[in-house]
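Worksheet: one structure, shown below.
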Amino acid sequence: MSDPLRGFASDNTAGASPEILAAIAACARGQARPYGDDELTGRVARRLQDLFECELDVLLVPTGTAANALALAALSPPWGAVLCHRDAHVANDECGAPEFYGAGLKLVAVGGEGATPDLGELRAQAILNRGDVHAVQPSAVTVTQISEAGAVLSLDEIEAIGALCRELGLGLHMDGARFANALVALGCTPAEMTWRRGVSLLSFGATKNGALGAEALVVFDRTLTPALHYRRKRAGQLASKMRFLAAQMDAYLEGDLWLRNARHANSMAARLADGLARLPGVSLRRPAEANIVFARLPGHVSRGLLERGYLFHPDRREPGCFRFVTSFETSTAEVEAFLAAAGGLASSRG
Amino acid sequence: MSDPLRGFASDNTAGASPEILAAIAACARGQARPYGDDELTGRVARRLQDLFECELDVLLVPTGTAANALALAALSPPWGAVLCHRDAHVANDECGAPEFYGAGLKLVAVGGEGATPDLGELRAQAILNRGDVHAVQPSAVTVTQISEAGAVLSLDEIEAIGALCRELGLGLHMDGARFANALVALGCTPAEMTWRRGVSLLSFGATKNGALGAEALVVFDRTLTPALHYRRKRAGQLASKMRFLAAQMDAYLEGDLWLRNARHANSMAARLADGLARLPGVSLRRPAEANIVFARLPGHVSRGLLERGYLFHPDRREPGCFRFVTSFETSTAEVEAFLAAAGGLASSRG
Amino acid sequence: MSDPLRGFASDNTAGASPEILAAIAACARGQARPYGDDELTGRVARRLQDLFECELDVLLVPTGTAANALALAALSPPWGAVLCHRDAHVANDECGAPEFYGAGLKLVAVGGEGATPDLGELRAQAILNRGDVHAVQPSAVTVTQISEAGAVLSLDEIEAIGALCRELGLGLHMDGARFANALVALGCTPAEMTWRRGVSLLSFGATKNGALGAEALVVFDRTLTPALHYRRKRAGQLASKMRFLAAQMDAYLEGDLWLRNARHANSMAARLADGLARLPGVSLRRPAEANIVFARLPGHVSRGLLERGYLFHPDRREPGCFRFVTSFETSTAEVEAFLAAAGGLASSRG
Amino acid sequence: MSDPLRGFASDNTAGASPEILAAIAACARGQARPYGDDELTGRVARRLQDLFECELDVLLVPTGTAANALALAALSPPWGAVLCHRDAHVANDECGAPEFYGAGLKLVAVGGEGATPDLGELRAQAILNRGDVHAVQPSAVTVTQISEAGAVLSLDEIEAIGALCRELGLGLHMDGARFANALVALGCTPAEMTWRRGVSLLSFGATKNGALGAEALVVFDRTLTPALHYRRKRAGQLASKMRFLAAQMDAYLEGDLWLRNARHANSMAARLADGLARLPGVSLRRPAEANIVFARLPGHVSRGLLERGYLFHPDRREPGCFRFVTSFETSTAEVEAFLAAAGGLASSRG
């Protein structure tokens, strides 16, 4: 084995929460009905209903891209357009999964601060060419919570986008790959952050926050459910031994593990951001709102850290700016060691 | 919790092998590169190369339907036809996944004993309408090992189909959801059962035989690999925390766990078949070749067993015939208890 | 130029009716609104409403395959199955167009005399696996009028299939590439042959019966219309200078040209069938019902005719049987000359 | 009938050239092989080979959208990206046809003066994320000649884009809906404007320039041809009575009708532009290069002209700017009458 990986490349480099591993082990003996007809899967659905305080349907899938692509295909016909921010994961990091699942639907990108779609641009695109047979038809909006820029959409922002969707008859999907990180940042309830503001479908992520690989597609608009079940199977996303996805999600929700994990990750990001901001020549692009930090580093600092084996990604849009992601597993010691290394570099030259 | 499930509904009602659970736990701490760039995933590839005695590529995916659909899409253009047996899983049990992944490709079904495609019918379909722009173009053959009827394709049968494919320029895919069960039944090497007989792509299943949810798409025709990577991502089948799929497969192969599990399942099926065949009024449709048994039961026997809570499925094609599947987890005690119950019913009335 | 083509290969080897050419020329000067907003297109819609005695929508397209594929995509989700006869044009002669337009939908073929789907088989397939997420879901039935075997579906047959579709919630499409030939054979009204018996979408063909290339997708279930317009455009099937399709269809319907053409074609087929049936060694597979004749010819007769330059196709299913198609352009003299040649050959040897 | 349409809405509001109508009538009697096996279709292929001075293949289709979508699907895998200008017809006016034909491929839009893709932006997009499995892969570039802004791409511009494509292994498609208008504007040969500068596939339009509905997909990279034939059929774009498409194209090319038509249209545009530019308060956005003029009109002038029944479209991007398109049918008298009306309005108030 090579040296252990370290740094802040992404929260998907983290392992799994012990509680989740234990839950998997606990359900691993004996027979269970396959394909989601087992008891654990049923329990997860009830848990999510309680959590979201409403009737809803749940489809567990192994990846976030699957949840997102299923959702967008459910909300848009093949001749539809799904509006998103131009930095959205669905538009840039899923190799065209929405277009594939949606039989050629089109993502239409808009701008907006903090990778949050600008409301005016959304409206302009949403009313463009409506009813014109030569143009794809705006059908849905998707937002990422927290956004690709690390921003937490406020309840007012979600409310405004939800109102626009209601007004114009568009579906609203939330990519909640980091739902928990956003929720604890806002300090609101899951309902307040979703269906109460118009979200019809939610990709409720667990993988980045402690699971091995389990995401829930949460369906608030239950008229969409029957088709989603066929789409999931047809996409090869229906796990036969579903209990092992369900066990992950069950343990994730049990005893607020998900919120504890997210709070920890967010606090590590805050500590990291705070430490970085104090270094000479370093500046944050925006305050750390959840578990992602974007910071501008002098070249010799970023190079030095990479040479020391710390992993983190350059920002796509701004040269000299880097992304740091913390997870439930990030320790204070790791953050401090990193800050010490960065501090040494920052003060050495420049 | 309700009563524990029992019976022989499928091998996907089984849990997971302790060794595989242990491997997951062992790799769950600390950071690892995501998306398959981790060390475990690399090790799995090397293991499979050693096992199959050739250069090959490996793509791990969470479900067998995903592996199958990716394979067929790789072997056929959208205007292609994939020839299969009319009872094939890809044709009946995947809700059109091959058609979806393959952008509308067509499955063309043929007959054949034991759910093995008849060679003459394969040839007839394979040369039908070649080059005729009005017709889909035969592009590949897919076989299931073991077949949906529980039959093990012999090396000669695979050889003959492989020769046909070579002659006519068709790809050959093997759906090896129960690859291990077939291999131990034949007592051959993995290479002998696959690429040495012309298989270009293999769905190498682990889920039914002890894993939680992990399948390897094994690529012998490595010209297909680059496109498969994009297809996998685009299908939402690229796990971010790939180590957890890799750990399953690694432990599955380690110390021949996979072969031990399969041998056990097969021996339980043999015992079950043997016991059933001795009962009055009961007959086997065919000798048990691997871990699936089809047996004809008198009505009062099948009803009585179902009433006692034993789960097993009626055969689709023959009323009064039932399918029994054993797994690595099936115990002698379970088989004996079941046979005792069946025996009691069989001798009670009739 | 080589020798002129002759024989009975298909009605699509025929040219165009003078009336239709004249209509094209008559509308060819000056500006007209594009994409179907012109006056002629509107007039065609009104004509078809009058003809079918109901409210309906019309989408003109250049080919029959386009009309069929649009229709099936409108009636079936991607995870749906469309039931058809195994000899159906949509299943064999369109290179997978329904699968393409329908994002991977599946055609499920049944048997039946005269290429008419057997009602019992239809029912069996239609109720198979309903609601089972592992299986594609029967969504629609398509019939060809006249069938690929030259048979005219009776009103009772259409009624029975329509009743089945109503009962089970399936859409019903009629591929009317030779609608006119069937209509004059049955002597009924267009309404009686379609929506009054449950047809929801009709491919109303004109090309084979005198047009250059113009088909009307007639929409009886008008809830399907909006999506069809986007699908047509997206499929590259929305003609910019639509007036030229509309002019064809307008002239086709004007003064019952379509019925006169069809009656002529049918009468030529009757004459041909009658003459063939009298020849030694020749037998008809079935009485000529419309404009297609299937006849069994001795080998030296078929070879001799082909050597003399007559074109006609062997039947796919029955060696020694050949298909002869007449058109609006077929002349009595042609038929007589052909029969004379066949007669000479039939009596010469054998 | 209502008042005749007039104005400059588009060149697709024009009728058909008499020579083309005559050619249709001339071939309309007697039998011809269907689906492109007729003599006229062969002759068109030879004509285009002569015209383009190279070996090439030709697929005739009824619409320009079909030609474009077939071309892009041929040049890009489903996980590919096709780079185009953000004003491109394929991106805005085809309701997602490229995405449909291309099984979910993605159009990636760039900016650039005159609706010509900016070379720097093209390069930046073309090298973005190459080989990254999370991102769609740049596969082809498409340009429109003349562009949607009425600009004629110079030979140098095409050369530069072609060189980029060669360097980076991208296909190059030219949407030549107004190919003739560009050619006569440049005064070069067809070869110089296409394959000699790297174009692999050309949509060679005839519809807007005098045909009823006929476009040639010209294949310079003949390795693409076999798949294109299946795609065309499968898309419902293979006309059975192909002779009627071929006759149009044959007459279009005969005696340089196509060039004469285009020269006339261009000269009418020049006259129109010249006249408009002289009016008080009116300015051209750019000099008229072919047959499209964009001019800024005072509100009372544009309103007055529309009230007088003249049709023309507002520009999508610039309020107060309008698009005027001339055709082979536009007469000097029409232009003069329009200019007189515009002049009267322009001087009346302001």
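Chains here go by letter, A, B, C and D, matching the order in which they are written, and residues are numbered from 1 within each.
The criterion applied here is as follows: a contact is a pair of C-beta atoms (placed from the backbone, for glycine too) under 8 Å apart; a residue touches a chain by one contact, two chains touch by 3 or more.
None of these values were measured; they are calculated from a predicted model.
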Looking at B-D, C-D or B-C, which pair matches A-B on over half of its contact pairs by residue number?
C-D
Of A-C and A-D, whichever chain pair has more C-beta contact pairs
A-D
Max Cα-centre separation from chain A goes to chain C
Using the average of all C-alpha atoms in each chain as its centre, how far is it in Å between chain A and chain C?
51
So the centre of each chain is just the mean of its C-alpha atoms; given that, what is the distance between chain C and chain D in Å?
34
Taking each chain's centre as the mean position of its Cα atoms, how many Å separate chain A from chain D?
42
Mark out which residues of chain D touch at least two other chains, giving numbers and ranges.
78-79, 94-96, 100, 103-104, 133-134, 230, 233-234, 238
Interface residues, chain D side, partner chain C - complex:
1-2, 4-7, 9-10, 12-16, 18, 21, 24-25, 27-34, 39, 61-70, 94-97, 100-101, 207-208, 212-213, 230, 233-241, 244-245, 329
Listed in rising order, chain D residues that touch chain B in their complex are 35, 77-79, 103-104, 133-134, 137, 227, 229-234, 238
Taking the touch rule as given, give the residues of chain C at its contact with chain B in the complex, in rising order.
78-79, 92-96, 99-100, 102-107, 133-136
